[in-house]
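Okay, structure first, notes after.
Note that the chains are named A, B, C, D and E in the order they appear, and that numbering of residues resets to 1 at the start of each chain.
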Amino acid sequence: MARAVTRNRKIINTAVAWGIGLLIFFPIFWTILTSFKTEATAIADPPVLFNFHWTLENYSVVMERSNYGRFLTNSIIIAGGSTILGIIIAVPAAWSMAFVPSPRTKDILLWMLSTKMLPAVGVLYPIYLMFIRMGLLDTRLGLVIVLMLINLPIIVWMLYTYFKEIPGEILEAARMDGASLKEELIYILTPMAIPGIASTLLLNVILAWNEAFWTLNLTAAKAAPLTAFIASYSSPEGLFYAKLSAASTMAIAPILILGWFSQKQLVSGLTFGAVK
Amino acid sequence: MATQHSRSAARLMMAPAVVLLLGWMLIPLTMTLYFSFKKYLPMRGGDLGWVGFENYSRFLSSSSFWPSITATLMIVGGVLIITVVLGILLAILLNQPMWGQGVVRILVIAPFFVMPTVSALVWKNMFMDPNYGLLAYLWKFFGAQPVEWLSQASLPSIIMIVSWQWLPFATLILLTAIQSLDGEQLEASEMDGASPLARFGYIVLPHLARAITIVILIQTIFLLSIFAEIFVTTGGAFGTKTLTYLIFQRVLESQNVGLGSAGGVYAIILANIVAIFLMRIVGKNLDA
Amino acid sequence: MGRITLDKVRKAFGDIEVIPPLDLTIEDGEFVVFVGPSGCGKSTLLRLIAGLEDVSGGQIRIDREDATELPPAKRGLAMVFQSYALYPHMSVRKNIAFPMKMAGVPHDEQERRIASAAKALNLTDYLDRKPGQLSGGQRQRVAIGRAIVREPAAFLFDEPLSNLDAALRVGMRLEISELHKRLATTMIYVTHDQVEAMTMADKIVVLQAGRIEQVGTPLELYNTPRNKFVAGFIGSPKMNLIEGDAATQHGATTIGIRPEHIGISAESGLWEGVVGVSEHLGSDTFFHVKVEAVGAEPLTVRASGEVSLKYGDRVFLSPDMKNLHKFGADGLRI
Amino acid sequence: ETITIATVNNGDMIRMQGYTDDFTAKTGIDVEWVTLEENVLRQRVTTDISTKGGAFDIMTIGMYETPIWGANGWLVPLTDLSESYDVGDILPAMAGGLSYDGTLYAAPFYGESSMVMYRTDLMEKAGLEMPKAPTWEFIRQAAAAMTDRDAEINGICLRGKAGWGEGGAFITAMSNSFGGRWFDMDWNAQFDTKPWKDTLEFFVGMMNESGPAGYATNGFNENLSLFQQGKCGMWIDATVAASFVTNPEDSTVADSVGFALAPDNGLGKRSNWLWAWALAIPAGTQNEAAAKQFIEWATSKDYIELVASKEGWANVPPGARSSLYENPNYIEVPFAQMTLDSILTADPNNSTVEPSPYVGVQFAAIPEFAGIATEVSQEFSAVYAGQQSVDEALEKAQALTNDAMEAAGYR
Amino acid sequence: MGRITLDKVRKAFGDIEVIPPLDLTIEDGEFVVFVGPSGCGKSTLLRLIAGLEDVSGGQIRIDREDATELPPAKRGLAMVFQSYALYPHMSVRKNIAFPMKMAGVPHDEQERRIASAAKALNLTDYLDRKPGQLSGGQRQRVAIGRAIVREPAAFLFDEPLSNLDAALRVGMRLEISELHKRLATTMIYVTHDQVEAMTMADKIVVLQAGRIEQVGTPLELYNTPRNKFVAGFIGSPKMNLIEGDAATQHGATTIGIRPEHIGISAESGLWEGVVGVSEHLGSDTFFHVKVEAVGAEPLTVRASGEVSLKYGDRVFLSPDMKNLHKFGADGLRI
């Protein structure tokens, strides 16, 4: 398809794509913009775009009000920890399914996905009771475990599709070369699957970062991540759009930045086996 | 590949994931089943004994039950249709040559990184508010009466918010799928005289079938359990009470764990019906 | 009805000129084969003719009409891709019908043509299968089927056999040749396999780095290669090229002699040598003989039938002087 | 020693977090805050206390939860508070609502009732005068007179948002003045009675005449903003709002706000509610002593002094202590007297015209109420949004209430 | 040091018996080639020997020791895969070192062996490249390098050349043959290409549907195929098989005659026929001649060098009776 695209066509593409891209991004942009306004300008009629008095006041109010650093740290530990733990458990499982398939492999995969269908609110009480008994309430470890479990099916599935694209012969070659199963996984499979593993990691960090039900209900002060941070801003007395925007911006900024830098990885990696 | 050694190793290596998930599924599931046959009211002394199927029949006969199923299916269906259709169009657009492709992609993906709570808050307050929302200004600007989004068009509004969040996901997967389309196939169809529209219909769309299946499958799982978007925006009013939300009301607002658990069992049944339905319709694409 | 003329056609990808200005005329009904080493521009040339790439300069005429700016669909050519590029989600029938559907051919006419193409290509039993359920050879026939139903002005084949195993290749080669005889449509065929080129072509175009090294019938190229490159490239196993004293004796910088033009005997001959590896095909035997007199590279020698000479045996070689090729310092045939 | 406190994210509570250092300096006890939005908070603490999770040492709860939890023995009774704390100073209405069986289980941080806030300038323009204790008829007339759609002025702004603590609270309090009640003495739902139909029809009629567009989704926050922006002629809502609408920093109408008692209908009950955010200690906490210390600090007279000295008298937590209303500095605040009067006219134990079996003004202090009232208020909101008729809504409300009461074993 | 014995080895996938019980002995140092049509079980057999699949019955002995239950890593065999199966994330050096690393060979010994293997395989300059940066031929040499450093009891090759283009194939074929000469290690080589089989093997095993049809040296198979299947499978172009009258005359159900054993002349001969497609290779010419006397299928005839006969020419064929193969009704050689 290496025919030169006409310049006009490219200009149209660019215009339409940017138009739509900006439209989709607009709510985020508007939130960020609003976070630099005063409360009065935030609800000014008509709305103002750029010609307002920029202020960092909202951020300082938010910082003063809550311990952002701790929420952030918790988010990072919980999202990162659950993802890493998930990968460690999922790699061997995905290996088995991809390279030693049995007639039941597909069923097991679908079953794993189906565990995600349990409505969380329905099982809050049972889980809460278990957490109390095991002393996991309001601990990062507890959340790491829970988030790992909810995302495990997705991790397994993604890894499975990536692994399936690795020729089995390479693993057999390693076996012929005298590698044990462990060595096969460590020296051959994992390094080869790095791109797939990386995008799996990324997707799961995002999912864990944004998970709001369990992170909110199983924490108090010590382990609360950014989802709890945002829950304290949702409807205070009065419509504090600017402060809400500042808090929102702070809650999504880290993951947005991470996503920004790993866009390429995400685009090329998020295939779910769609690429064949 | 399949020697005895590797088969037993495989079983061993699958064990942690399977056992953990089995536990994660079975323990709450049994407890849910257990509670669903009990009169369990934490506020009034907790366990008040067995009641048989009373919770089930009560949940089913509640006037909110069928509307909640409808709402659930409407939201899931609506979001799927929007994200898949727009996702395909966007994926095709983003695959065209243009300036600043990388940046545009980031712009389109960005909503995926936003927490559901945040996005619901932002949409509700800053866009859909009939007095201060940007959309209201827009309507007023064109001389129209602002729409009261969350009350007059509650389901469409929620579908729109959720679609905004999930569109990036669909776009991403479809984009990668489009990128994997064999260029020679397109060239061949071009040599065969196919117009761009025909190429889309006969070549591109069938190629995307598998990716679309995956999008539908994964999104359905997540969409069946959306909660924050409803909690924050309408609180279940105006016909936006999904099954998940109804269970939430029973368990946490009414503090009737038994009744809520029965609802949970219904939700599992619904999820499985939807899943089986999906498998039937699109599942065969997974093998291809 | 199928005359293709390239007039100073050139192609550059960015700064790299892949095809310098090139002239070529392909007559109506001719079977032309493009050969050349990998990366020499064969596919590019084909794609220029097909309209899948824009020319960077020059003109392409099909049947005297300027087609340079025409989109692929309008050129009336059919292409069979190396990967076949079948539509994986369509049955064989649908694949073959596709170009007709696009052209709006009436339904019963489609059916008729599909049936006749399927018959010609032995695909009748497979019409309802998907490409994934076909063997390589069958797939290729589907790709050809898709091409012939359009009754194109010319067929373009891009290495259509390279994905097949050797046994199938021989069969498919014959089928394409017969197809050409029957339809008498212009065919342009890209391959890197000299055997295919030799056996199928009316005319071979030897390319190197985008330039045409020689154009001619297979036997012209075999018998009178224009230069060392063509000499080495045409024929299998390849011609022995000898430099140094042995060459200067014949007033040339390089002399070439094909393996089949060297006699081998245990008793007497021009050159004395030692047998290295020998390859016994039953029908023929190839010996790799180290001859001191002509340099370090062993000479490849073909003996008909089975000849028993062992590794290390001393032998004598007698080149057939009639079939000696001489090349000057510039590499051109003298 | 560290205590963990779950609290709601309203202004007074946020302010208190700012003064935590003062407490830590005095006692050496560290405080961890878990600040959540009201609905999330309620859910969160309810889960924790009903499972004896022990995640919090102090919970911020309201008048609704306190008697229920106290009855369940889930809260530490606040009996041995220090002399200087002066329990007797707590307004009796508040103490009553936060007690079970005569024992105080939560200390009020602030208390509120509801009242009419109106624009004196608009009232004047309409040629009317607001009586100190208006009737609903007057309110409706005045609202119609003040409405000026072209100037984007709505005669009256009221809560229509679904949720038992939002629109549900308002309509319940309003129905009290129309002679309505939630349950008769046998716990039968009463939505099929005339007072409820009257209430709802009156409300919808008035709001359609003079209310803002989209009032079906307006809650406290939305109405506050509307009022502050000068878009409402009257607003009947929590007394705490008074300090916001009279604060010139946020409000464009700060200097033309008048106050009146919530309206009545001549049946002897006014439509004002009673509410308090209070601090309670879950039974079984490890840090009971420290928690008590904190509660004494946060709900003390000293704390009020502290806030007053830093932020002015208008910003102190109101409605909890009688002594505040005896303070000459405070009584100068324009809304102070009206707040006190409103609080004093609300009686949780006798809130309805006809007798009712439950305690609470704008709620019934039974565990099932929150869930039921939320669903009922959703039906009502659908009426406000024009999606169903008053009769349909009442019929559904009646059915679902009876159904839930049956499920809970009352009937 | 490399004797492999299969004793009643059988393999079934589920219900399908892919390999019925099969006996085979491969001597130390032998170069054995497995040939057979696609899907006949060549790869499966190789994988059974390698230990990558479990046998469903029977015994595999390596150097007289029972290896049936041994995992692949313990069998001391090295395998070169069709796809080469190089580790894409490791440099050539690391690829070659990998088996030694797994075996715990000391570091300097590793270095020594890598260096010598690289020298032998002409890979010294490429040691620090990744496989992605190598040409097909180089990749194959890396795969071989990885195999030889282990000094295995035997090499297993699964169609190692099938991914290469024709030119490279010829070269690689020679290299592997020379390697075998030099190392004198047992090699088992799977291919579907008869030319490779003929030129490389000490011993060819012809398989069909998991059964051994014949075992023997290339020339044995060429000269005395045990049955019709082997006759048709060995040799290229394939043997002409004739049934009917022409066969019964010779007291056989089928007679076979190879293209190179039929003389062609314009004047006289046993059979009269009409030239169909002819394939001119320069070195040889293949004619497809329709002969009424022997049936509908055209006979393939090879003429050395260039012979000018046109489509439709009338010719006479004289089969070389010495090289006539006769087969009975059961397909076996008479």
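Throughout what follows, a contact is a pair of C-beta atoms (placed from the backbone, for glycine too) under 8 Å apart; a residue touches a chain by one contact, two chains touch by 3 or more.
The structure presented is a predicted model; accordingly, all values stated were derived computationally and were not measured.
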Item to check | Neighbouring chains common to chain B and chain D, by label | outcome: A
Checklist entry - Given the contact rule stated at the top, which pair of chains has the most C-beta pairs in contact? => result A-B
Checklist entry - With chain centres set to the mean of the C-alpha atoms, which chain is at the far end from chain E? => result D
Item to check | chain A and chain C, separation of their C-alpha mean positions in angstrom | outcome: 53
Item to check | Averaged-CA centre spacing for the pair chain B and chain A, given as whole angstrom | outcome: 16
Item to check | Distance between chain centroids, defined by C-alpha means - chain A, chain D (Å) | outcome: 39
Item to check | Between chain E and chain B, distance of the C-alpha-averaged centres to the nearest whole Å | outcome: 55
Checklist outcome for this item: Residues in chain C with touches to at least two other chains are numbered 52
Next on the checklist: Going by the contact rule already set, what residues in chain D reach two or more other chains?
Outcome noted: 43, 47, 51, 222, 225
Checklist entry - Going by the touch rule set out above, which residues of chain A reach two or more other chains? => result 1, 43, 124-125, 172, 231, 233-234, 239
Item to check | For the chain C and chain B complex, residues of the former touching the latter | outcome: 50, 52, 71-73, 77-79, 81-83, 85-90, 98-99, 102-103, 146, 150
Checklist outcome for this item: Within their complex, chain A touches chain D through residues 39, 43, 64-66, 124-125, 128-129, 131-132, 137-138, 216-217, 220-222, 224, 228, 231-239
Next on the checklist: Under the definition above, what is the set of chain D residues touching chain A in their complex?
Outcome noted: 4, 6, 9-11, 14, 17-18, 32-38, 40, 43-44, 47-48, 51-56, 219-222, 224-225, 228-229, 240, 244, 250
Next on the checklist: Per the contact definition, I'd like the list of chain D residues that touch chain B in the complex.
Outcome noted: 39, 43, 46-47, 50-51, 68, 72, 161-163, 212-214, 216-217, 222, 225-226, 231, 367-368, 370-372, 374-375, 377-378, 381-382, 384-387, 396, 399-400, 403-404, 407-409
Next on the checklist: Could you list, by residue number, the parts of chain E that touch chain C in their complex?
Outcome noted: 37-38, 162, 165-167, 170, 173-174, 177-178, 181, 192-195, 198-199, 218-219, 222-223, 234-237, 258-260, 277, 279-284, 286, 288, 302, 304-306, 311
